[in-house]
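What follows are several structures.
Both complexes shown next keep chain A, but they swap its partner, so chain B is in the first and chain C is in the second.
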Partner chain A sequence: MEHSSINLGPREEFYLDQAASRTSKMALAIGLVALAVAAVLGFTRHDSMRQFLFGYLTAWCFYFGITASALFFVLSHHLFRSTWSVVLRRLAEALACNFIPLAIGLIPILLGLHQIYPWTSAAYMHSTVELRNKLGILNEKFFLIRCILYFIPLIALSLYFRRVSLVQDQDGHVSRLLALRKHSGWGFLALFWIINFVGADFIMSLQPKWLTYAEPLFFFAGAIMTIYAVLPLLAMWLQQKGRLQNAITVDHYHDLGRWLFAWMMFWIYIGFAQYMLIWYANIPKETLFFLIRDMGPWLWITLALLFGHFVIPFFGLFSRRAKRRKGLLAFWCVWLLVFAYLDLFWQIMPMVWVNTPAGERALNHINHFDPYHLERSAGALAWIPLSPEAIAVNILCVLGIGGLLLAHTFYLLRKESLVPLKDPGLPESLAFEDHV
Partner chain B sequence: MASTTSTSSTTQEVSEPRLFGLLAEFSEASNLISAAAAIRDAGYKRWDCYSPFPVHGMDRVMRLKPTVLPWMVFAGGFAGATGALALAWFCNAYAYPLIFSGKPYWSLPANIPVAFPLTILLASITTFFGLWALTGLPRPHHPLFTSERFRRVTDDGFFIAIEATDPCYHTATTTELLRRLGAIAVEEIKD
Partner chain C sequence: MTTAITAPIYETGFDNTADDVLRQPVLVTGHATYQEVTRKVCRVAEAPRAPRAWYVCFAISLALLALLMAMIGYELFTGVGVWGNNSPVDWGFPIINFVFWVGIAHAGTLISAILLLFRQKWRTGINRFAEATTVFAVACAGIFPAIHVGRPWFEYWLAPYPNIMGDWPNFLSPLLWDACAVGTYVTVSTLFWYTGMVPDLASLRDRATSRIKHTIYGIFSLGWRGSARQWHIYERANIILAALATALVLGVSSTVSTDFAVSQIPGWHETIFPPYFTAGAIFSGFAIVLALAIPARELFGLKDLITRRHIDNLAKLTLLLGSMVLYVYLMEFVIAWYSGNMYERFAYLNREFGPYWWLGWGILFCNGVVPQVFWFKFARQTWWLAWPAAVLCIMGMWMERFVIVVVSLHRDFLPSSWHMFAPTWIDIGTLAGSFGLFFTLFLLFCRYLPMVAMSEVKAILPQAAVPHGGGQTARSGAKPE
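Take a look at the complex of A and B:
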């Protein structure tokens, strides 16, 4: 490949330098303050930090999804030998390294395991035969082991793919790229299964009695979509700062928008498949999930997800123009990130009231096929995770973890080039043009 | 029927080929782009570029209008979705209501799986045949195939053909224009 055809512009266009450190420090400050305020607000609720822990778990899962999808972007880039995405890869590589702070961020969840997960209570797990049979999986020791088993390959993969890519910036050996391609295969499979298992362990196990077909895959679908909303926003921010002006073109945005649209469709596909099978079979062990989200205010959140995560953006992102105009694409990226968070909120937060003695009593009506009394006894309880302070805690957790992770990302980006300078596919990516 | 006259007119058509237009060959893709820009500026409407591979920027230079195919596909998909739901409703809830496993006669979730593939089926059929209709397929013969030189279009030849039906077309001046734009060969195509 001729290197003379590379036109990246002056050095200032593909290095962040001072801007990265400034942004990193600002994000760190915002993150720390937001998390501290969230913790104090959570403490004042006198619910042994349950609201804070659930808000924290929701935000953690949201950012786990973004980080995992960043690694997904890097691995699929190498696995399919893409060239169009070379100019975006370095950003995804840096985002994927957030697994290290996320692993540290597990500590509050592990400390609050008894407040979050009902399967930590021996009395609860011995209450039915079915629950007793799940003790082999749902116990604290094995949960901790699984967390370690998930994070070792995730951290190793993200560090390795970034490190080798940076080494190639120095020596330009094509063997670096070939090594990455070689490891992308098993890494891709491992990542797929780990995301599914994280969905099962952190979200599905909130309701140990629940049986379902596709919840882990549903989490996977919602998670992978997020990188295709984060990358355009990050790229637009960089271009506003005068970086990568020539490198990232409208054609790159167009393709990111298409992927965003595709993963949004996959999300509703899996979500509806799960809903329809549960609706059709109509077994209490399965309908439990949707019954809880059918009550009072939660019905409106369910409908908001259907329309906000699918129907409205389906028509909004449908046309070519929506994906090729920066302002419009940015709007839909922010929109879908908000609904990606609401998706996790909808999956996790009802457990704040369900996993209490009062909630358990109310849900006993399900076993007697008595939705009327369920609605009556649980109607007020369902509002608990939706009070203004509760929502404030959730938002502060999103800002808090987000700020810390953003600080880490920009800390990594402060010295390195924003594009892989000696990747053989770079000229092709710079000249990438979309014909369809 | 005056059979003799009709026969003679047919032979006349065959013996005297109709003028299709001018075919100009260019040496490389960049020349093709600059020539296309000049032809566009000269006001020609019925002309086309031919190259062995897609030339970046050609759509913009030729000022090609966006295709209407997406709208046809949308109509096809919409017809598939509504048609499937209407059929399911008519059969299961109206003409011959049946109770399946205690479910209501009519309910949306149960019928989405039918609507989904039919949406895709009609949308893809519309795409396939819509593309054929818009591109004028099937077309077993094209006047340009008579040119020996044009065979290289699938290998290393870059061509522009201006049709004789173009209002700006005039054999002498158009030839002159093409030569000025750097054509290495200009020939008249008759079919």
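Take a look at the complex of A and C:
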């Protein structure tokens, strides 16, 4: 069965053409230069590239979150039979295909595994009974196998959903959409599991002595929020370039803003649950995580996260007006993206000093004798990931990986339509009005 | 220009489950005029006699309710020693039943509220049901902590009032959080249920044939006349209450989870408990709405309003939530293994291979495996598969609470204190009686109140749709009531 196409207006509104190629090349150049400078800066610190690798890991996790959330957007769109989001789907499909460069981007992390993860050290893993019990999970071979098991379905899903969507642009068969809907169910569950496991493997295992059940879900919550900040920004940029002027309306922005708000709430919900229960039970193997982040300069980052990722945007995004005014929404999208990155920075970067012999000594000290004065024993160690050079490396890694992924996204968008032209839900999406 | 739209007529039993990407799904079948919707819903309340099956069910429910009263009375006069609670299983059936009913209670409102916020039009067929299950389930839930305190006449001590005893509630206790959270939730969910019902109560009032019915429905319809202003206020109130209820559901089920999670006992102290309890609550809610909707649509002739698509969607959502619950079960095992901690590992090994192994595997089967049948359309569309599956899910959720409460407690850190738990006949009678209370209230609701939100169903009829461009729509001979 074929669906007749509708009159959408001038072609230029729906294709990026040269603009995509230009942006793609520029982003590629920025990405390569930024990564190269970050690597040089990391090398000059004479710390076996630890600062660079941690900065790289943080940026990688940040972009993994955006890419995974883009796939989440596509899958949930099909699973829940959404129509309002049809005009945004193609952008999310292109963003979701960044799993391929992200898989390639794993190479530095795998090469630097010994610098990043303490569980790669046999001596460390045999230092306690509990750590020894974890050897079945935390070992290099199994880690590598898990990475492969994560990325094969992720890449397959993202490629499949984009390819079928593009084929439908050509032949207009509704059977394509039905096929996408059919596979969205298991794909959705698989994606959910994989994001959780990535959170456990890449972030939670940085601190093998730490025990919590909610960390994988906490990573998931933080990650999924990002697509609802990226899509409005991308849509606004396209509209500034004269594309999708009438296709994406204030009502679409309003709904994206609502989802952004909802996921932000989910993040604080999981974060608060985890923090409160750990605080209440006060078990050393759990509180360790927060003690490290409640000392010295890290306390301010913790508070900044609480206010910046929740309290301030809660009031900022609450009103209908904030979600319907493009400028204001753009501000909150950028704001929340910055804090989504800071969230990962807060989770990952303290390990730069914790996972060192000096850091271990300081932690052993607080565990047994002086739990409330970690700052005294850790001293200047906690400042290491916050030095100006370290921050510069982190920013350059964000620019570097971001540039490369943006280049890839625009490379994919250079020839294809910016909306799924023959999706039967397109007319409804174009005419979408918010009545709630 | 006025455009006349003739609503298509879909016969009763029409298969509206097909995934048609070109058209909006049909959500009401039969001769779906405005009058017909009113007639179909109101006739249940207006009929002089209910179906015979209703009387049979009501008699059984009343008998169970009487049993509940007898069990509570016996416990109050004799003391809490009549239960099977022991040391170390200090929390037995009362807390299991409390958490079970709270789970059911949390789901109904959430289903209705969250589907409203997500603009899911099919909710109109089942939302009243779901909200009613909330109100009745919370009534059942409230009984258990009330009797579990042993001396319920001192429950006012929970309130922070000035007193000469120098006694003040412990605000750091999750049990007090429970009282506050559940109290707030009862208020909001009852308001949400009742507010949504006001226009429909007015319809029953206007159609009442006896003075007494007219007076009673008139009082509860709060002078509703259906003016534009009233509708405006009604719509706003509904949205605000839906938003409040959604937040409350997350908050309250999470609060209930803290009763366990703030402790240091493996199997209880898990930072994933708040979302776990929320997912479990919604899951059991979908299952109970599914289990009630399947017979109710047959019994009360509502197959055109609670269509096959509604059942299909409910089954799909049960599958989704069941998969979330399965995620938590498996994550518990993964993290316990990952922890390397002998106590954490033991707690989960004991769950599956200890003396209550059949319950450990039972919850995996009922809540994890059984919902997976809903991947298949055949299972979603065949009542003798869908209904037992939904009932198994409900049973599974009760067993899950048993596993959390009893199995985690009966073997704690000190092997010398290990002790098995066995419920007494008072425990079992009270549990059975709570079902009596729930079904008595539910059957009364079905008999005397509008089971389906008529005013909301009318808004999703094809003839109610306003096409883009603001064209007027009307169907000859069909005026909104």
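Throughout what follows, the second predicted complex is superposed on the first by the 425 of 436 C-alpha atoms of A that agree within 3 Å, B and C clash if a C-alpha of one lies under 4 Å from a C-alpha of the other, contacts with A are read in each partner's own complex, and residues count from 1 in each chain.
Assume contacts are C-beta pairs under 8 Å (C-beta built on N, C-alpha and C of every residue); 3 or more make two chains touch, one makes a residue touch a chain.
Note that the coordinates shown come from a computational prediction; the quantities given were computed from them, not determined experimentally.
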Superpose on chain A as described above, then tell me if chain B and chain C fit or clash. clash
Going by the contact rule set out at the top, does A:181 touch chain B (first), chain C (second), both, or neither? second
If you stack the two complexes on chain A, which partner ends up touching A:403: first (chain B), second (chain C), both, or neither? neither
Once the structures are superposed on A, label A:130 by its partner contacts, choosing first (chain B), second (chain C), both or neither. second
With the two structures laid over each other on chain A, which partner does A:193 touch: chain B (first), chain C (second), both, or neither? second
Output check: A:359 vs chain B and chain C. Expected answer is one of first, second, both, neither. What do you get? neither
Using the touch criterion from the header, give the chain among chain B and chain C with more contacted residues in chain A. C
So, A:213: does it touch chain B (first), chain C (second), both, or neither? second
Classify the contacts of A:283 with the two partner chains as first (chain B alone), second (chain C alone), both, or neither. second
Once chain A of both complexes is superposed, is A:431 in touch with chain B (first), chain C (second), both, or neither? both
19-27, 127-135, 145-153 or 235-243: stretch of chain C that collides with chain B: 235-243
In the superposed view, which residues of chain A touch chain B and also chain C? 276, 280, 431, 435
Could you pull out which chain C residues touch chain A in their complex? 19, 21-22, 117-119, 239, 250, 254, 258, 261-264, 269-275, 323, 327, 331-332, 334-335, 337-342, 344-345, 375, 468
Under the touch definition given earlier, write down the residues of chain A that touch chain B in their complex. 272, 275-276, 279-280, 282, 319-320, 431, 433, 435
Can you tell me which positions in chain B touch chain A when the two form their complex? 54, 56-57, 59, 66, 70, 101-103, 109-110, 112-113
Chain A contacts chain C in the complex at 3, 80-81, 129-134, 136-137, 174, 177-178, 181, 185, 189, 192-193, 196, 200, 211-217, 269-270, 273-274, 276-278, 280-281, 283, 285-286, 424-425, 431, 435-436
